[in-house]
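One chain, subunit A, links the two complexes that follow: it is found with subunit B in the first and with subunit C in the second.
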Partner chain A sequence: MTDTSAAESTVEDDPLAQHAAQHAAHDGRSRGADRRRVVRHVRAVAATEYRLAVRGRWALALTGLFTLFGAMIVTFSGSTVGPDGTERIVASLTSLATYLVPLAALALGYDAIVGREAEGWLAVVFSLPIRRGEFVAGTYLGRLVVLAGATVLGFGFTGFLLVREFGVARWGAFVTFLVAAVAVGAAFLAIAVLLSTVAREKTHALGLSLLVWVWFVLVHDLLALGVIAAFTLPDTVLSVLVVANPASVFRVLVLSGLGTAAGGGFTAVLADTGLSAAILAAALLAWCVAPVVLAVRLVDRRRL
Partner chain B sequence: MNVNATEVRKTYDDVTALDGLSLSIPSGSTFGILGTNGAGKSTLFRLLVGHDRPDDGTLAVGGADVTAEGHRIREHVGYLPERVGFPPALTGREVLAFHATVRGLPADGRIDRAVDRVGLEPAAVDRAVGGYSNGMQRRLGLATVLLPDPAVLILDEPTAGLDPRGVDEFHRIVGRINDETDATVVFCSHALAEVERLCDRVAVLHDGAVHAVGTVDDIVAAADADPTPSEHGSRTGLRAAFHDVVTAAGAPPVEVSR
Partner chain C sequence: MSDNRSWVEAGFLIAVCVVAVVALAVPLVVGGSSPAEPTATIAVETDVAATGVTAPESAGSATVDGETYDTARSAVAAAEPGQTVVLDGRFDERITVSADDVSLVAADGGAVLDGGGEGRVLTVDGDNVTVTGLWVRGSGSDLGAEDAGVFVAGNEARIETVRVTDSAYGIWLDSVDGTVIEDVRIDGREHVFPVTERGNGVHLYESGGTVIRDSEIVAVRDGIYFSWSTGVLAANNTIRDSRYGVHYMYSDHNRLVDNVAADNGVGYALMVSEGLTVANNTAVRNDDTSGHGILAKDIERSKITGNAVVDNANGLYVYNAQDNDLTDNLVFGNDVGIHSSAGSEGQLVAGNTFVANAHAVSTPRNSLVSWNDTDRGNYWSGARTVDRTGDGVSEIRHRPSGLVEHLVAEHPQAAVFANSPSFEAVRLAEDSFPVIESPGVVDRRPLVDPPHDWRNGTGVTRGIEREGRADTSTEPTLAGSAEPSEPAELAESAESEDHEP
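Let's turn to the complex of A and B:
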């Protein structure tokens, strides 16, 4: 009665399959069904994350922030202290977005995983027939929709003011800025999700996110400039220095389209590195994908 | 659907959570796992649903290996963790709809049925979870678990933090599951009276291993007959293990008796 060293009952033929048969009408085992299931899972998580971000006023706050700062730059263009002309305004917007968009993305994403774990939601969701990677991907995409929407709407208002002020002659430069701003936000959001997967507590994730922002936005380019000033470096090294920082990629991508006159400092130095728009766009895309892929790998090892 | 664990070992850093645990839970039974804090109950449950992997040994649900087929197994298992939580801005209905969507369940009124089964007020289901009491959150958690009509229910301390009325309600729900379905129900508890009331069979866990399996009557009789002393600090023998459980449940602290 009290001896438990051996299994007491035999394994049934395949009761799991028997139970599965009850659900067969709305479930399949084919590859196509598996793909549909992955899409369904990712979409369900993304929709929930989007809903939560909207209810948490994140969408409203970010849109308001981007609208306010963008409009201020355009408005100042009418005064003696502000930039004049579409290209200079886009250059000013780029400088602003280099600081603001990464910060907003990191703030939006730092608690993506660790925050849900603290709520107890992660343990609930991971008990469902959903792969952990699907949850990470859905979380990223749901928050990305919020960030991208806020970027397009917020800075889009600035674009509207630009068109009203200067017409559509240089509209392309602004569109490039807008797309790149969405992409750099996506890159930093991906980094935030990765940090959230690594951190054990929300405060740790927040601290790591701030460190990442300081490094990429404030320190990296200063150090790079110092290295460039001190040594004669081949173009390849300069290119690596750029693609190693998504904020630099964003800045170079937008400003190089405006001509070097619009940029300065690091961007002016990089004018001859041979980094094409396609390479820069590919680098930004890699910054969006690689951290999420790494987060998907790491979340499997996370102990709940 | 039966549940089997064979020689399962799990350590976290230097702490041995499970130490060669073997256990067999028959299909369709209501099975209680008794043990004090740190006995290994929650670790066993986490391994059973694939939240973690054993260092050694095998775990199987319905004959399928959990480590290899955790994802497939979770389609047929409802698991209520010890600490259940939901994003506070979601309504109860949205939480249930999320579960139904992920599981690919048809919209056939099962959300309302699950809500009814756990005794959650229909009006409360459309309110944000952030305003729920602990008892309401536990009920919502139970509703999410019951949603797919699972073949195996694994409930980790399901009555923890509930008031007596909530505990009673939970007992009624488990009773109904017993009567209406052939699901295997596995839950852990500190409370001897609870498992005695609900379970066909019970396992006593102590220091990461199973010390006894049987009905509560059998185990009490075996504990009384166990010559190993049950004084505080003793860590061997059924009597000592059962003594700790009974003491934790609030029963007289020295003698193993009911």
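Let's turn to the complex of A and C:
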């Protein structure tokens, strides 16, 4: 990392200083300075992306979307009262979020890189003394703040309705849902940024994003169940099948935290597979990080 | 303008942070009201039968027609038809009542017959004998020899307000007609395991026209066991902690009404019989190895109606049962609501309420079965219902058990994926398009509103209380204070349901 950075960011400082820095590459102080600079760059890009997204009404649109659908679930779903009600609503919200949050994340992220190229913005940024990887990471983080914010605000309103309707007895279930929804959004945003980094044209990125959505939300689980039905498989395979789909991880993570009535006896099934909540959370985190890391690597190959 | 924009940018972030903090802080602020687990602890009222019966330790004396005897045996032997034998105190003997029309009554201080652990303690040979207020205990333990607390071999016997403890069989009816057992309490040998080594509470052998009511039977093999007995009414009894609460074998045309069976292996085991009426009974927490609320095996042309089946492993377990009506039952909180298998055909399943069962229906079958060719179906919590005509009956069908449930039953692992959007789509297709006929069960006319009001217990015979819930009176309460008085309520509510427009 430090080596490539030294090679790329020569434009900023005068060549002599750069030379000295290269020699002092193993010096702890200098590496610390390097890291601070990376953080500064990423933060600057992220702040810009955040501002652009808010001004571009993305934040408003996503918040409105989540608010609307969340409130609809609470308003129109059944009449169960008591603490069970919260769990039932959370189960319904989970079903909804499994469709909606990945779609929103992909829509928000598919043009993150390739869209900037069409605008000519990318050419400008790549000529600045900032590494491409930093730009990708910054873009991801900036848009992530918008998506996470919209998720928290939008579904937070649902939470308010839940408290008003059912009290706070099962609040933990809702908080789990909220955190997991932010995480699954982050995962699909990461995938979108990766696609955007790889795609040649914006339309390609859009098409790929839709395919990814169809695959993870609809097809993957269907195939997984087919595989389970067709073959006798060890439980490890089942775990792999779940972990291989961030949408499934999200669903299983939230539902396994619910009681039997609302969650459909998930806990018992999971006990056999060895998928603990910690493993599921780690898998979701990996789905957030891995695509971005890959995108940071691949962006250097991009022709511009 | 730019100020305005940056205000929006900062405002959005601040709002997000505030909401996030509030969301995390809510439980702390409200004072950590620990969420009560939704476990159903259902209280079944106990110690209701034969409460006044006592077992005094004073030496016994028996009185017949003003004459006093030292032993019950001599008193009973002296009794003429129409006379009353009054027993007072403790008698360590086994007696046989041979004369007809004799009454055997405990004095105010109570009376106990102790068999000392051998044979049958009290044998009724004469016809029309009445036994009242006695405590009978200590029979032998040879099940093959039919060792029983009370062995009835005479017709038209009445056993009222009697306690039987520490006996193999509680009461054995041996080919007699017209026995009445009322307000009797039978406690089996609870330390004997396996449970099959215990005797039955009331054992009917070829005994028709019997009435068993208001009795309480605890810790026996089968609470009430029927073999080759017809025309028997069992009403308002409570049976707990036994293998089967009530067990029918080869016994046709009997009525089982208003009973409570709790914490047994099987609440009501109906086997190889026809023309049974099982109405307004309650089966609660029958959940050990077999664990059925109501088991219907090889049962024909019977009516199972208006029962409350709560918190069992399987609510109803139907096995090779033909042409039965399963109507107006409340099926609540079981692992499986109805398990139907082995070619059970011709069933009418209508007017039932399925709520809070882990699986409403489980059926390992390869064909599609429609349970209700009537104008109304059942209420399924969680079913999609659309009622455009306003008659309380949904226009779209419900598949409580379809392709997905079939897969999950075959491969339990598949449950992990069974809630996923793709399977919602499969279910929606199964519900909506009659073209897709996958194996399972279909309800063509699901009800929009539940016919039972389980929330405050009014729809449940003898009410069942759900305790241990967090708060509030609006809870799904189902409470089992066995109030032995309102059997008609459920039937009424079911009827009014019929008349509803």
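Convention: the second predicted complex is superposed on the first by the 255 of 304 C-alpha atoms of A that agree within 3 Å, B and C clash if a C-alpha of one lies under 4 Å from a C-alpha of the other, contacts with A are read in each partner's own complex, and residues count from 1 in each chain.
Methods note: a residue touches a chain if its C-beta (ideal position, glycine included) is under 8 Å from a C-beta of that chain, and two chains touch if they have at least 3 such contacts.
Worth saying up front: this structure is predicted, and the values here are computed from it rather than measured.
Novice: Figure out whether A:R51 sits in contact with subunit B (first) or subunit C (second), or with both, or with neither.
Specialist: Touch partners of A:R51: subunit B and subunit C.
Novice: Answer with first, second, both or neither: which of subunit B and subunit C does A:R303 touch in the superposed model?
Specialist: In the superposed model, A:R303 contacts subunit B only, not subunit C.
Novice: Going by the contact rule set out at the top, does A:P129 touch subunit B (first), subunit C (second), both, or neither?
Specialist: first
Novice: Is A:R37 contacted by the first partner subunit B, the second partner subunit C, both or neither?
Specialist: A:R37 sits against subunit B, while subunit C stays out of touch.
Novice: Scan A:L238 for contacts with subunit B and subunit C and give back first, second, both or neither.
Specialist: second
Novice: Looking only at contacts as defined up top, I'd like to know whether subunit B or subunit C touches more of subunit A.
Specialist: Partner touching more subunit A residues in the overlay: C.
Novice: After the superposition on A, what does A:R116 contact: first (subunit B), second (subunit C), both or neither?
Specialist: The first partner, subunit B, only.
Novice: List the residues of subunit A that touch subunit B in one complex and subunit C in the other.
Specialist: 51, 55
Novice: Taking the complex as given, what residues does subunit A use to touch subunit C?
Specialist: So the residues of subunit A touching subunit C come out as 50-51, 54-55, 59, 78, 80-84, 95, 98-99, 145, 148-149, 152-153, 156, 159, 163, 167-172, 174-175, 178, 217-219, 221-222, 224-225, 228-229, 233, 235, 238, 241-242, 247-248, 251-252, 255, 259-261, 264-266, 269-270, 272-273.
Novice: Which bits of subunit A are touching subunit B when the two form their complex?
Specialist: Residue positions touching the partner: 1-9, 11-16, 19-20, 23, 26-27, 37, 40-41, 44, 48, 51-52, 55-56, 116, 119-121, 123-131, 303-304.
Novice: Write out the stretch or stretches of subunit B touching subunit A in their complex.
Specialist: 1-2, 4, 6, 12, 22-24, 26-27, 46, 49, 51-52, 60-64, 71-79, 81, 83-90, 94, 98-99, 101-106, 141, 144, 148, 151, 203, 210-214, 218-219, 222, 238
Novice: What part of subunit C is in contact with subunit A in the complex they form?
Specialist: Per the touch definition, subunit C meets subunit A at residues 5, 8-9, 12-13, 15-16, 19-20, 22-24, 26-27, 30, 33, 35-38, 333, 356, 358-359, 381-382, 407, 410-425, 455, 469-472, 474-476.
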